[in-house]
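Chain nomenclature is as follows: A, B, C and D, assigned in order of appearance, with residue numbering initiated at 1 for each chain independently.
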């Protein structure tokens, strides 16, 4: 039977994926405290529904840095979709396009960014990993992204080192991982192994990046008011509250718990998004209520992709969209503008 | 052996009911966070018992919108009692009457409201579902309710869409559901499928409803101070704090947690009731202490009905009544008037 | 092997007791929320140990209403010790005497209060149940207690009705319960069945009791500041913070959580004690820190009694005494006077 | 396969150790509330990572009472390493030296302090147990420590009695425990059995100790602001926040929960360290953020020692060091000076 929620997709994906791929996709860093907290924190927040509001028509269309999207649910960058389905990120992009939403393609995509752009009918962002020592390589990637029509650069800033995913590290399954498409034309400098060392960058690198492209810049991996303020002060266009799906520094806060301080610090000076743990339409509603303009979904889309390719990814997005529509209707908030902090009641810190 | 509490009735009901019916009655929306929270929230509240008070005589008689009842425990509207026992809502009504209490009959009752009224010896309310597009149909139902002697209209306001009950949706059991009695004489307009679209209404519809009947009006499904204030301002007679048994918007607060803000906002301007998770006499006492005039019991009565028809439903009500009497005695509050906020200690949010 | 803590005695007692007796002794009211909370609340409290204090000599001797005891750990009244061991309360009294501590004998003891007094070498209190309708009977019991040398009357005030112990009620085991010794000479008036109706009394009855005896009066079952204040104002000599071992009104607070408000309200005007959930020396220390002059132990002593008669009960008391000595030493509080509120850190309400 | 974290070492150690030794090493006092809380409290604290900081170079070198160490992770004193591996504390000392860190050798080491000093290449502290009645014996040990080059005396102050480790007490395994090396040359006075009576001392003994040696003095076992203030006032050089690994007074706070009040009370007047529950690099980071200059690791090192001798102990230290480096990098705190209270968010008590 066709899955009726994201958790059913997850269970099916575990059955169908090669164990090594399942372990890679699903694991979190170390003791997976943050991985689990991303979900638990959503469940701890209570919705406060208003009634007798006209919810005949639910309008969830918005824009991200000027690009219109049909819903505030976008696809988070994640690596190597080719391990989930043959078409890799091209399938994912078709799913995003079918729903009229945005996809952020990973530097480490199986398919090249040009192939993805050709498959996409919705807006695309290019997620960038680079380190202080690979500026030239990064610039080549950005030039390609500009040419291919990507609308923004989403720079990952939480990966100066790679978190240890221990179940993944323990996985004795062998799997012939597909190559990173973008690196075929632009191989990483041989002296630099990004996958081992991480993508260590500083504000200098961000300033450099800002100087070489006119694409809007989103920083992915902001979790504190302090860094959010710096982003706003330095003219960053968007802040993506993310803990890398619980895969980097274990025991950082759930993103939904970090979101309020980020949104408050930014105070409207740039757009704020969230990823991490989104599995239900009510999660999306909570994130919007606490200051996000949109959420990004990573693993959930991978589960759809693993189960039924583009169609599965599309269905996952449809499920989330429909659940969000139901949640907005039942909460009495038929438009995004009507969603404010009064929709939620947060627990005391924990 | 005869059950000695509601939980034993629940276990027996699960054994005896057709699986599809069990799933339908017992399920909650999505991840059932609210379904479970309805119970957990009651358990988190502590009672503060006074001693050496004269509790020889426990007086729990009260009135609901002027109708006297022998106890502040009434029967919540729930659909299709005919799936639980042959006599359906007529059996339930007899149970309510035997205890001298009030029953709110559902629009979606198996038996017609006229049959229920004939069986009832206690006061009745008529629970109404309608949408902006079915006013004419609703008016016909209300005229029938007036004629049949119903004392108030309990309008459900939390169901602009139907929440997804996923275990129920997954249930592969086939069951020949009985028809909705009220719709035999007054079929729903064929273009409108209320069960699919939900009962979307606005304050305009409430105003219309108020204009066409002089019956008192209760709004069922209020969970916030904001909506409670609107109710009071617009002359609504009663507010039923309800999350639809956790079946509509998942992750809304437990009703007992929402009750205080509703009661405070209403400030005595209309009556306040609660349903959701009531399984013990101590639950009733806590609800009264936090501002409810009475509680409504849905599933617990269905379990009694499923196990032993009218007699079972009656016994469930007797158990709750006796437990409430014991709780009032042991708490040193022999009258409803003596029950105030000092009876309970609430946890910090959560 | 000989048990090394109370929990091992409990496990052995469960093995050795007739199932009906085990169910009766061990059960709590309804959902056993309070029964479990009595333990959980102790575990939530943190000790704050001081170091480098001279703890060579631990002095835990004190007085209860003037009667010297070797330790602030006394035996709570509980019914029908004859179901645990042949000698019943005489065995218990010998255990108390061996430890130089006080025993409160229950109205519902298997052995008569005179037999118990003959066996005892430590001070005795007489726990009294009576109702407004059995004053004459109560007076006869009190006269006997005075003659037999009991030092105080501990009047149970939380039992206007009997809480429903549901596992006990469900127990299909048959057991030939021994008779209540005290009632052989003074049978309960036949029209009154105290066990069924409870012991409903009011302050009038307390005033009457005070008027007919010069024995000190302890009220057992106080859980609120309001009632504690009344006790102090009316010249009650001692207040025993008790929820009847979780056997009366379910979901009342753990006694250790209720103790602070009681102690604060009393403000030294009468003695304050606690029973409920005491299983460790650290529990005793926490109760003393939060305002108790002594704790009373019920089930723990019954487990000892069940396993090895007087010797078992004595060993349980020794274990608690030794654990308390260790806790006082390790907390740097070698005397009772040195134990104050700074020994503990309480969690926020829950 | 080689373990990749401390928990894998723990599991292997349990397999390889004699059950009696495993029970002895792993157990906590009584109900092990504090033992478990030591871990749980670390997991409850959230890290607040800063990004875009230059973390190319992580510098974790520091000093302890003037002795340089390569990292703020040292080896806590623990007894009888000879039960874990043939070379006992000599192996442990080699591991410490290999990592350039400090080891605190226990009075109850299997190897003599002189043998340990000969094996060590890093700085050593001598952990001292003594009681008021064994000053002469203690002085002989201190003189030996001075001669052997130990840099400080770490006096255990939380052991006036021995906590009851109940699984250990119940362990029926027989094991031929190795002797305490230091006592071969300096046997304990026969009338005094330190292991039975504990090491009861007072501030007088500390003053005496201070008077007989010029070695810096660290007090191990401080858990309160009150005692921390006394330490600072009396010129103690270092305070080790410790609950003896949950082996002494059960239900005291986790050390990471006690650390803030100690650090605040000391206010920089002496050095502050922590042991208890450290299993992850993030734990170390949290302790540093809350005021510790370094952490001490006991059981984790024993697990390494048990699995692979000196090499295993060294690997455990390497794992913790590397995890700390990753945590510092990912938290954007590349130096110890950059680690302050803003790195963590603590839950409300509890």
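Things to note:
Note that in this section a residue touches a chain if its C-beta (ideal position, glycine included) is under 8 Å from a C-beta of that chain, and two chains touch if they have at least 3 such contacts.
Please read these numbers as outputs of a predicted model, since none were measured by experiment.
Using the contact threshold fixed earlier, the set of chains in contact with both chain A and chain B is empty. In this assembly, D is the chain whose CA centroid lies farthest from the centroid of chain B.
Rotation angle for the C-alpha superposition of chain C on chain D: 90 degrees, rounded in steps of 5.
Annotation: the chain B:chain C pair of sequence copies touches via predominantly different residues, less than half of the used numbers being shared. Mean C-alpha position of chain A lies 42 Å from that of chain D.
One finds 59 Å separating the Cα centroids of chain B and chain D.
The residues of chain B that reach two or more other chains are 348, listed in rising order. Chain contacts in this assembly form a single closed ring in which each chain touches exactly two others.
Those residues of chain B that touch chain A in the complex are listed here as 30-31, 33, 132, 157-158, 160-161, 163-164, 166, 169-170, 198, 200-203, 205-206, 219, 221-224, 226-227, 230, 248-253, 257, 348-350.
Every residue of chain B that touches chain C in the complex is listed here, in rising order: 1, 4-5, 42-56, 280, 282, 286, 323, 326-327, 329-331, 342, 345, 347-348.
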